Amino acid sequence: MKIVMAIIKPFKLEEVRDALTAIGVHGLTVTEVKGYGRQKGHTEIYRGAEYAVSFLPKLKIEVAVATDLVTKVIDAITAAAKTGQIGDGKIFVFPIEQAVRIRTGERDVDAL
Amino acid sequence: MKIVMAIIKPFKLEEVRDALTAIGVHGLTVTEVKGYGRQKGHTEIYRGAEYAVSFLPKLKIEVAVATDLVTKVIDAITAAAKTGQIGDGKIFVFPIEQAVRIRTGERDVDAL
Amino acid sequence: MKIVMAIIKPFKLEEVRDALTAIGVHGLTVTEVKGYGRQKGHTEIYRGAEYAVSFLPKLKIEVAVATDLVTKVIDAITAAAKTGQIGDGKIFVFPIEQAVRIRTGERDVDAL
Amino acid sequence: MTLTSSLKAGFAAGTLLALTGASALAQAAAAAPVPNKGDTAWMLVASALVLMMSIPGLALFYGGLVRTKNMLSVLTQVFAIVSIVAILWVLYGYSLAFTNGGGLNDYIGGFGKAFLKGVDPAAVAATFSNGVVIPELVYMVFQMTFACITPALIVGAFAERMKFSALVVFMVLWVTFIYLPIAHMVWYWAGPDAIADAAKALAAATDGAAKKVAQAKLDEVVADAGLIYKWGALDFAGGTVVHINAGIAGLVGCVVLGKRVGYGKELMSPHSLTMTMIGASLLWVGWFGFNAGSNLEANGTTALAFVNTMVASAAGAVAWLFVEWGAKGKPSLLGMVSGAVAGLVAVTPASGFAGPMGSIILGLVVGGACFFFCSTVKNALGYDDTLDVFGIHCVGGIIGAIATGILVSPSMGGVGLVDYIAKPGEAAPGDYVMATQVFNQIKAVLLTLVWSGVGSLILYKIVDATIGLRVTQEQEREGLDIAEHGERAYNY
Amino acid sequence: MTLTSSLKAGFAAGTLLALTGASALAQAAAAAPVPNKGDTAWMLVASALVLMMSIPGLALFYGGLVRTKNMLSVLTQVFAIVSIVAILWVLYGYSLAFTNGGGLNDYIGGFGKAFLKGVDPAAVAATFSNGVVIPELVYMVFQMTFACITPALIVGAFAERMKFSALVVFMVLWVTFIYLPIAHMVWYWAGPDAIADAAKALAAATDGAAKKVAQAKLDEVVADAGLIYKWGALDFAGGTVVHINAGIAGLVGCVVLGKRVGYGKELMSPHSLTMTMIGASLLWVGWFGFNAGSNLEANGTTALAFVNTMVASAAGAVAWLFVEWGAKGKPSLLGMVSGAVAGLVAVTPASGFAGPMGSIILGLVVGGACFFFCSTVKNALGYDDTLDVFGIHCVGGIIGAIATGILVSPSMGGVGLVDYIAKPGEAAPGDYVMATQVFNQIKAVLLTLVWSGVGSLILYKIVDATIGLRVTQEQEREGLDIAEHGERAYNY
Amino acid sequence: MTLTSSLKAGFAAGTLLALTGASALAQAAAAAPVPNKGDTAWMLVASALVLMMSIPGLALFYGGLVRTKNMLSVLTQVFAIVSIVAILWVLYGYSLAFTNGGGLNDYIGGFGKAFLKGVDPAAVAATFSNGVVIPELVYMVFQMTFACITPALIVGAFAERMKFSALVVFMVLWVTFIYLPIAHMVWYWAGPDAIADAAKALAAATDGAAKKVAQAKLDEVVADAGLIYKWGALDFAGGTVVHINAGIAGLVGCVVLGKRVGYGKELMSPHSLTMTMIGASLLWVGWFGFNAGSNLEANGTTALAFVNTMVASAAGAVAWLFVEWGAKGKPSLLGMVSGAVAGLVAVTPASGFAGPMGSIILGLVVGGACFFFCSTVKNALGYDDTLDVFGIHCVGGIIGAIATGILVSPSMGGVGLVDYIAKPGEAAPGDYVMATQVFNQIKAVLLTLVWSGVGSLILYKIVDATIGLRVTQEQEREGLDIAEHGERAYNY
């Protein structure tokens, strides 16, 4: 099993979620994060003080899937999250060794 | 070493924390996340507009432990976080290659 | 490729970011988390009720880098995030199998 | 108070007013008194201020103290209570509280002014000064705002767990069967001019027969008042009617509903003390309308009530701040604002009677007492009064109500009692005996505690048996905002 | 209203006032009336209350309903509009709205009082009662607050997408070409004393010639009013001038600008119903100044307007709460506060004319009607009026404006019409025919809809052609706070 | 101002009032003046408004600008200061500020009214009009609210780093040794009636001896005033006493305490501009009580002060908005509300003297000037005045104080000076020379800067030496909310 973690632009969440359900992935976990990268931030001015804000709001999506699904998931996310502009985000794939569904104690793929 | 990551229901945090300390795990990191899965969400109505909210508040717990502790940790979390209802959450186990305690530079198991 | 995940004290973010850019790492993702560990929390009193708060605000930093950079990144973070007091935080290194830049579809190291 | 006269043509009133001074000169008592525009202006403002106390004041003070998931439910409860009671007040509330109830007059009024019958722009209401009246519509709406906030005070006791439907039904019943009678018993009387006229008639009466008739008439007028009023208990702005009344109902409520899920185990820290501070501040500001407005006109006594309100609140805040600082090691915002509210509660019945120094002492005492009660006694007793409605409003109200009997004493810098009969048409100083007065105050407190305590218990049981008072455990966990109202207070 | 007299020496005014009653007695009508301090006090407070309605009231009511990323832009828009319009009002607004416009007098005033020429501390303005005046500066600033809030109401319709620069320019134009004329048409008249004097002169006139002259003079005075006023349409506090006027401008605006990016697809839940509740509460409290203040003095009629405001709002809240509860399954805070605002909107034109029971019914009706409109009709029509400016202010305003023609009827508990000529110097009851009155009300509504609807459309087009109305899609995604103002509302 | 008379029986006052006009007619000056209820109503409201300025107004305006971790500390500081000073004011503050101080009378009052001795419901205080008085309790509490907000203004300068215990001690000392003397020097005088009586006596005096005695008496009465008052400096509502006074104390404070940890390096963006906007709006609304209330009665001049407050604030907002838009590229909410406050600060001393157009110009000037100061000069000087107490209150206050000397000129649309002696009993126009007046204003500004600047420095040093002014670096990092108060402002 793997966990596919994607950093995307916040307003893309719904589309990504739909893309994933479309390929039969029915669970995911979302975290609000701030991202720093190529995409340039903005300046905020409060009276005298000017702040260059380089951390931008992003969403982190984590999806645990069976290994064979990884490519489909990556493609689905890429397609849905893409705007073509700098800051669209990244996808990372982690190996996981175990998965458990707390409610039932089911293990691994059954747990997803 | 492994990192055991669990997605649980928010109000279970205290119980899980206690269960972990009980088995000698004295450190963990918690993140507020939103979860999408089998558990059905609710509808919010604001004047004309109705929104089906399918992302529910969850907590993500990350615990780094020596490999031999993993099973005990999983059991502890499962026991403490379980309500038996849909939405209790998941546990995932990641391998990690290194751990460092910033304050001392201690490595790996000593760093936990 | 690896993902270096660090838990640091919130006010250290700027310094860590600078330390990383200094060694040529130009992207990272930050998450607000709460940490539980050796560092003791504080007590909050609201009228009658006293609450011992043991979860403290921390920041989680995730940096995806090519394997050969890992040590430099760890050193940079350690140096920048260190205050010498309990609660400075931890660094964990995860293996990742793939990386994708959503905008371009670039893979792995090119995606970072 | 009663409708003492009715001039036609609301529009003409304006013109007439310009002649006040003059006409008063000309025909002295003969002429029916017309409202002074300064009084009218002040009472309009006072009414608006009291509404501001409930919304947003009280709603924020309470809302800030609950957990995020229940914030919206508290706001909804307070706002709904205010809106519903305002309607009831027009339909029958005002009439039942402030008209003669015939046989039941000791306890409750009648339906003579139901639907505001006869309460038109030209109708006037008596004040506490002879020959001074205000438009009855202002008096009616001022009293309305009191009826709106009192039940809203109760919700703090069982916040985070009561079913909204049950709450609505309970409040309608509570206002009808608890609030209206208490308000009538404490505040209903014939008014100074009615008494003066009767007293003058008596003085004017020559032969014995006439005297007898006149005396009977005077007795009747004096007897035309609520039970507690006749006992001679003082309650300037609602220590019994509002605070003790709501406080005891809250205590009974939180005991009947039981503790919140996770109470004592889970962290239940206030979700926004910022909102609580805003609410407390608006309560303080609005309370000037509540207390100084209760003088029904704009004169030196109004100023006194205003000052007492200001300093008692400040003293309560300072007391709780420093006592907690000493006892718990840190000076807290929540403690200080709680003390301010405790001070306001305590000075409410005393505001027009005590002197400023007396009010400061009252504030200091109640600030410390309520801190002790909420931080120690409450935990000892172990009931879950979510927002300390009992610990602050009832405890503070009782201290204030009894202290009023002492602080009114001229020897304590108070204004003393008033005798409207001695010199008909003037407010002469009445004779004051501290023991008697304090005894009367205690009687009033006890009757209120019993009436509201027992009455509320019955009402809770009825609602529980029919609709059920409490939400399910799942709903409580999810939070009332989503479960009961399908909304969230915040979506950051 | 007009400047009926000017005493010198502002400072001396104080002393003079003390003599009101007396001098009035002495020289009757002869003496120029001086302000009653009670009226002045009330109108000062009323003006402050109306300012509080816009800031923070309206700003929060609106701001809480948008997404976090646009909160600050809404606050900025409302605050900026209030500040800018306040200046315009002094420069030329007051003059164009409330002076005689010569040939254009039916539609607009003149520049006689531009820069407040002659409006000094001693200048007085007429009220609705003969012989009752208030300092003109108070009248001016009270009316200023109306001019400030009306354009601010519009921003809700196209919130979250309009360019700030475009908004500023549009509002300046809108106030000048839409608001001022409507205000003049509805509210400008010669005042009761001017009419009384002319009428007395006529009565006094002996020979035919004199009669003819006097009659001509009287006709002239009566004719010295705005078009809609002369039609006999009633609008006590601004149903047409404020709510219908802003509501239709908002509808046109949101259609011209188009829907928000993601409208209908993305979740756009209110970011803080807590702020919305605070705003709604402050609107309610401030509205007492708006409606009761519109009586320009502090008497029984003021109290009536106050009471009507209170109960109509409560009824609107209750209606929406229960109707939504029934229709959608849950009682919502947003629904209830929306109903309260709808009730306030509807009672605005009726507040000084209807009776309390009539106002309750009006509130119940409008609460239900606006719920239906916002939850059903709006979705059917499919325009994106972000905060339902049309659905609440325009729809509610129309219902209220027309209902005013009915509720003013004494048979409905209303106060009836006033005739200032019949008995010069007194406000005599005028003769009321429901059909005629309702017809007049409808005419006023239609003219307002057309004038503001068409006029606004033109102004939007001009601004769009020159500056462009809407931000880019990227800016809209990022949020107006960062994109337009370089700030964030919250940094928790 | 002084206690000019004392009628017995507060309750009776009501009745007496009804006779005002008449009795005034009857016995002219002979009769002791009684309060007009319109004035009383207005001053009660004004006092409530000024309290609302501090809590929640100022607390939110400041609190919104600090980081989340310090929000609660700011709210606590402001609320605590208000509560503590209110008590001090009753104990000795009012007496030291507003009674004759014998030998020290130029600088400070005496203890004659400590504990409000003699300040009962029947006591009255003079206003600026002959024969017009208000209940002294109202005057006392109105002034109390000024004493409460002034020290609270200072906390903005060293927010986020001062120890709470040190702050409490410092403020008690500051109010006692800085505020009370300045207030006495600027505002204490014998009142118009005292002067009129003495002047009449002089006029009535026949033979030389009597003349000499009377002249001496008159001189004495005129000399019975504070130093700055006698210089002839004008300060209608507190430009020197409140704003310059607090502003310079703040500057000294932030320099003595030093910069915040991380200042200039870390992001320190305001945690909630929403709260800041609410605060600014309530400051604006409350400021009507502050400025228009300072006229002590409800007449045309009050209306003038009200209008000036409204337009100066609007002008300040508009100026900062557009200047910043031009200079920094974006129009900001924080800038606009800062400009509004700057406008309010500047118009404070001028509000009852300038004309509306003059106030607009003043607002425009100060809005631009303060923007320049806060965004450029401050950074150049490099001190860490957290919330720009100096840049807005002191700079704005100085501009306003000096401009008052110019704008009061009738030639500038101002009301001119008043001479209470020329025509005893009437306020006659005094002779005004701009140069002299401006010179007097500058003298007043300088004395205030020196007294408060040096005095505060000494007090800071004393507190630092004894308790220590600043929290530890760890506490500062953790935030004052947890470290000092053991609470958090938000638990979302």
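Chains here go by letter, A, B, C, D, E and F, matching the order in which they are written, and residues are numbered from 1 within each.
Everything below uses one rule, namely that a residue touches a chain if its C-beta (ideal position, glycine included) is under 8 Å from a C-beta of that chain, and two chains touch if they have at least 3 such contacts.
Keep in mind it's a predicted model, so treat the numbers as computed, not measured.
Peer 1: On Cα atoms, by how many degrees is subunit A rotated relative to subunit B, nearest 5?
Peer 2: Subunit A sits rotated relative to subunit B by 120 degrees.
Peer 1: Do subunit B and subunit C, two copies of one chain sequence, contact each other through the same residue numbers, with over half in common, or through different ones?
Peer 2: different
Peer 1: Looking only at C-beta pairs that count as contacts, which pair of chains has more of them, D-E or A-F?
Peer 2: D-E
Peer 1: Would you kindly tell me how far, in whole Å, the mean C-alpha position of subunit D lies from that of subunit C?
Peer 2: Those two chain centres are 56 Å apart.
Peer 1: Between subunit A and subunit C, what is the gap in Å from one C-alpha centre to the other?
Peer 2: Averaging C-alpha atoms per chain gives centres 18 Å apart.
Peer 1: How far is the middle of subunit B from the middle of subunit D, if each middle is the mean of its Cα atoms, in Å?
Peer 2: Those two chain centres are 50 Å apart.
Peer 1: Which positions in subunit E touch two or more other chains at once?
Peer 2: 20-22, 36-39, 41-42, 45, 267, 269-270, 278, 328, 330, 332, 334, 486-488, 490, 492
Peer 1: Which positions in subunit C are in touch with at least two other chains?
Peer 2: 31, 44-46, 94-95 - these are the residues of subunit C that touch more than one other chain.
Peer 1: So, with touch as defined above, which chain pairs make the list?
Peer 2: A-B, A-C, A-E, A-F, B-C, B-D, B-E, C-D, C-F, D-E, D-F, E-F
Peer 1: Which of the residues in subunit F end up touching subunit C in this complex?
Peer 2: Result: residues 262, 265-267, 477-478, 482, 486-488 of subunit F touch subunit C.
Peer 1: For the complex, which residues does subunit E have touching subunit B?
Peer 2: 65, 267-270, 324, 328, 330, 332, 334-335, 338, 374-376, 378-379, 388
Peer 1: Can you name the residues of subunit B that touch subunit C in the complex?
Peer 2: 3, 17, 26-31, 64, 94-103, 105, 111-112
Peer 1: Where on subunit E is subunit D touching in the complex?
Peer 2: 20-22, 24-25, 33, 36-39, 41-42, 45, 49, 67-68, 127-132, 269-274, 277-278, 280-282, 284-285, 288-289, 292, 297-304, 306-307, 310-311, 313-315, 317-318, 321, 328-334, 336-337, 340, 355-357, 360, 415, 418, 425-427, 429, 490, 492
Peer 1: Can you check the complex and tell me which residues of subunit A touch subunit F?
Peer 2: 44-49, 51, 53
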